[in-house]
Amino acid sequence: MGATLHIAGLVKAYRANQPVLKGIDLDITGDGLTAIIGPSGTGKSTLLRCVNRLIDPTSGRIVLKGDGESVDLATARGQSLRKARRRIGMVFQEYNLVERLTVMENLLTGRLGFTSAFNAWRRRFEPADIQYAHELLDTVGLRGFANQRADALSGGQRQRVGIARALMQRPQLLLADEPTSSLDPKTSVEIMELLLDQGRAKRIPVIVNIHDVELAKRYATRIVGMSEGRIVYDGDPQGLDAQVLKQIYGGESWLH
Amino acid sequence: MNTDVSSYPRDWRRYTASQRLLRFALYFLFILAIVQSVRTIDVIPEFLYDAPEQMLDLLNRMWPIHWASFRGDISSALIETLHIATLGTLLAIVLAVPVGLLAANNLTRNRGLNLLARFILVSSRSINSLVWALLFIAIFGPGAVAGTMAIAFRSIGFVGKLLGEAIEEAQPGPVEALTATGASLSSIIQYGYWPQIRPAFWSIVLLRWDINVRESAVLGLVGAGGIGMALNSAMDLFQWDRVALVLVLIFAVVILAEIIITRSRRSLL
Amino acid sequence: MAELKMDTPKATRPFALSWQARVGMLLVFVYAIYAATQLGFSWSRFQSGFELGARFVSRLFPPSLERMDILWQGIAESLEIAVLASTLGILLSLPISLLGARNLMPAWATWPSRALVALCRALHPVIVAIIFVKAVGFGALAGVLALTVASIGFIGKLFTEAIEEISLKQVEAVRATGASFANVIIFAVMPQVFARFVGFATYQLDSNLRNSTMVGIVGAGGIGGTLFSAFQRFDYDFVCTILLTIIAIILLGELLARMVRAILLDNVTFRELLRLKPDTRLRAPEGDDA
């Protein structure tokens, strides 16, 4: 079941008085796909990484509420942070698979938050998890790839493994940081389809950073436009007219 | 898409049974070797307990370092060490090139020659430079000549093997093109292989020279010339402060060699 | 049609060595002659050397097969020294290397670790063996300790470099799943460095095998002592036996190392193991022996 994400007043400054995120307010509920668009450097990646604390925010609140549990990700530490991370799955632009491990091992990485170090070393995982892993492999279209090494796969295949790994966590929220930027157009469409389908099937919200506006309009149920560290548009894909896009990206020549 | 959940396998193993068996056998044999070695090795406990005291005593006798000795025979011994290392390396290159060429199986078709060359390389590598020094002392008598030959013969294997590998990794394209023009063998080697091998060649030569400087410094311990002889005589006379000086000098020479090599790397590669 | 004026360029030989290269080669040649005379090379000495060499080689053969029990004792001790020194060296290098990795550890850990490793590399194993003989007496213990130091110097440096080269992106992804620190190391760091570590460890095993045959010359145990006394007795046919045995042992060691790498890294099956071909994929790291 999906969670809700409530972000209030999120600020991130890498250098003092030069904030990258200048006060973000955002609420994510339901099971749609929210696309965050905006030019490079505007803080899209920072925003996503603040949610699962791969980056520490400077101030603000990020409250994840689901299954009766509520946690402020901005201030969580240690064990409670790890437990919170388990509930959030992330898909990366460059897949970030452990190259030398097999596809199956990469999938089981998703369960590491629930596994002791000894069992991890001995590669002993729950039978139910193994079964789920095979099922997910089938779902993402990689049946039979379980024992292939990750570095033997194509880009599109790796991203599918990345998505399956995130889903192995049985997350309440799915984040995707530019999942299609390293892929060709056809594979990009396949990946977006997969993200949208799985979000609906598992009934969890999906937040995707994306710079291809057309892809965003095609697959998102909601668009959030960022410019210079602030949200300047939050609504339907249909509302993305030339004027709004100019506000987000600046300049007109790219709009042809 | 298979929707029958129960048909998915519920177990997964990283290695097949055969692989697991091999891995287990490997660990088991390793543990066995360790246990056997510990049991049969000859350790006298009294010496072990005595060790820290002995070490401290040694360090005390080494300080202060006897700098005055430097002006005497030690400085010329140091230069001799460098000559041994350099001349030995040069000699090794001259000898290793033909052997390396013979050992490369894409240059030499004759299997017999190939194997002989490989055997020469293997023996050269397996016999330590100190042992080579003993051999050459038996032939030439003690002194720097034996030391230089020892360094040379030890290095043939190193240079020859790595050169052989570099040659094997050379792309066949330019070689084929040259052969097609009817070029002579020496031309093919000079213009087809050499430009490809050149960076590896310099890298190997510099590396071996570096190692040879270290090796040359200790050859004197068995009487093959260089600063090792000063070390040996100082130890025989229990002049530990002179020993300390020699050790410091060896250390300094090694660092000097490293600096020369880093500089040369930049300009040659 | 106007006549084409063809400017024949000055005929230069392509591929001719540049003048720097020629001067360089000349300098090297001159140096070689100079050094040779300094060291006492002379033509007559060389000539007599050939004669003596030929006579010497004839005294080596046939190799003597008496005293095989002494031979076996010495070889066994060398093997023990190599095994123990490698084990200790590998075990100690692991934590030391980890502490020296600048991408994972703070400066107060990396500096001492790197300094220790540099110290271990600085001195020749024979010199270290002499020092240990003084400290713990003659015998195999000095040899084990000396080669352990050499192993730490080698593996420590290379393994730290390997850890510093890992991709942190893979680490990031595993952290994002909520894995504990230990699990992150097991699943994200170790897989990236394991292959190279096995390469270094097997290489060092072979290197220790070579060196263990030699530390005996200074009294640190092993076949080196037997060899040295054979030389002093002019017992050259026994020397030949010993040398041939050493070569055989080292070849066996290299074969063993290839098998270990095949089992641990390539996950071969038993049948594949028996058909093992020369290892062309895994190059030995740049070390003191090749």
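The letters A, B and C name the chains in turn, as written, and every chain counts its residues from 1.
Note that in this section a contact is a pair of C-beta atoms (placed from the backbone, for glycine too) under 8 Å apart; a residue touches a chain by one contact, two chains touch by 3 or more.
Treat the numbers as computed from the prediction; the structure is a model and nothing was measured.
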Distance-maximising chain from chain C - centres being C-alpha averages: A
Per-chain CA centroid nearest to the all-protein CA mean: C
Pair of chains ranked first by number of touching C-beta pairs: B-C
Inter-centroid spacing, chain B versus chain A (mean Cα positions, whole Å): 51
Centre-to-centre distance between chain C and chain A (centres being mean Cα positions), rounded to whole Å: 47
Approximate Å spacing (C-alpha centroids) for the pair chain B, chain C: 6
Chain A: positions in contact with at least two other chains: 105
Partner chain B, residues of chain A touching it in the complex: 102, 104-105, 123, 125, 127-128, 130-135, 138-139, 146
Residues of chain B defined as touching chain A within the complex: 1-2, 5, 8-14
In the complex with chain C, residue positions of chain A that touch it: 52, 54, 82-90, 92, 94, 96-101, 105, 109-113, 115, 117, 120-121, 162, 165, 169
Contacting residues of chain C [partner chain A, same complex]: 167, 169-170, 172-180, 182-184, 186-188, 191-192, 194-195
Chain B residues within the chain C interface of the complex: 15-16, 18-19, 21-23, 26, 33-34, 36-38, 40-44, 47-48, 50-51, 54-55, 58, 80, 83-84, 86-87, 90, 122-123, 125-128, 130-131, 134-135, 138-140, 143-145, 148, 157-158, 161-162, 165, 190-191, 207, 211, 214-215, 217-218, 221-222, 225, 231, 235, 247, 250-251, 254
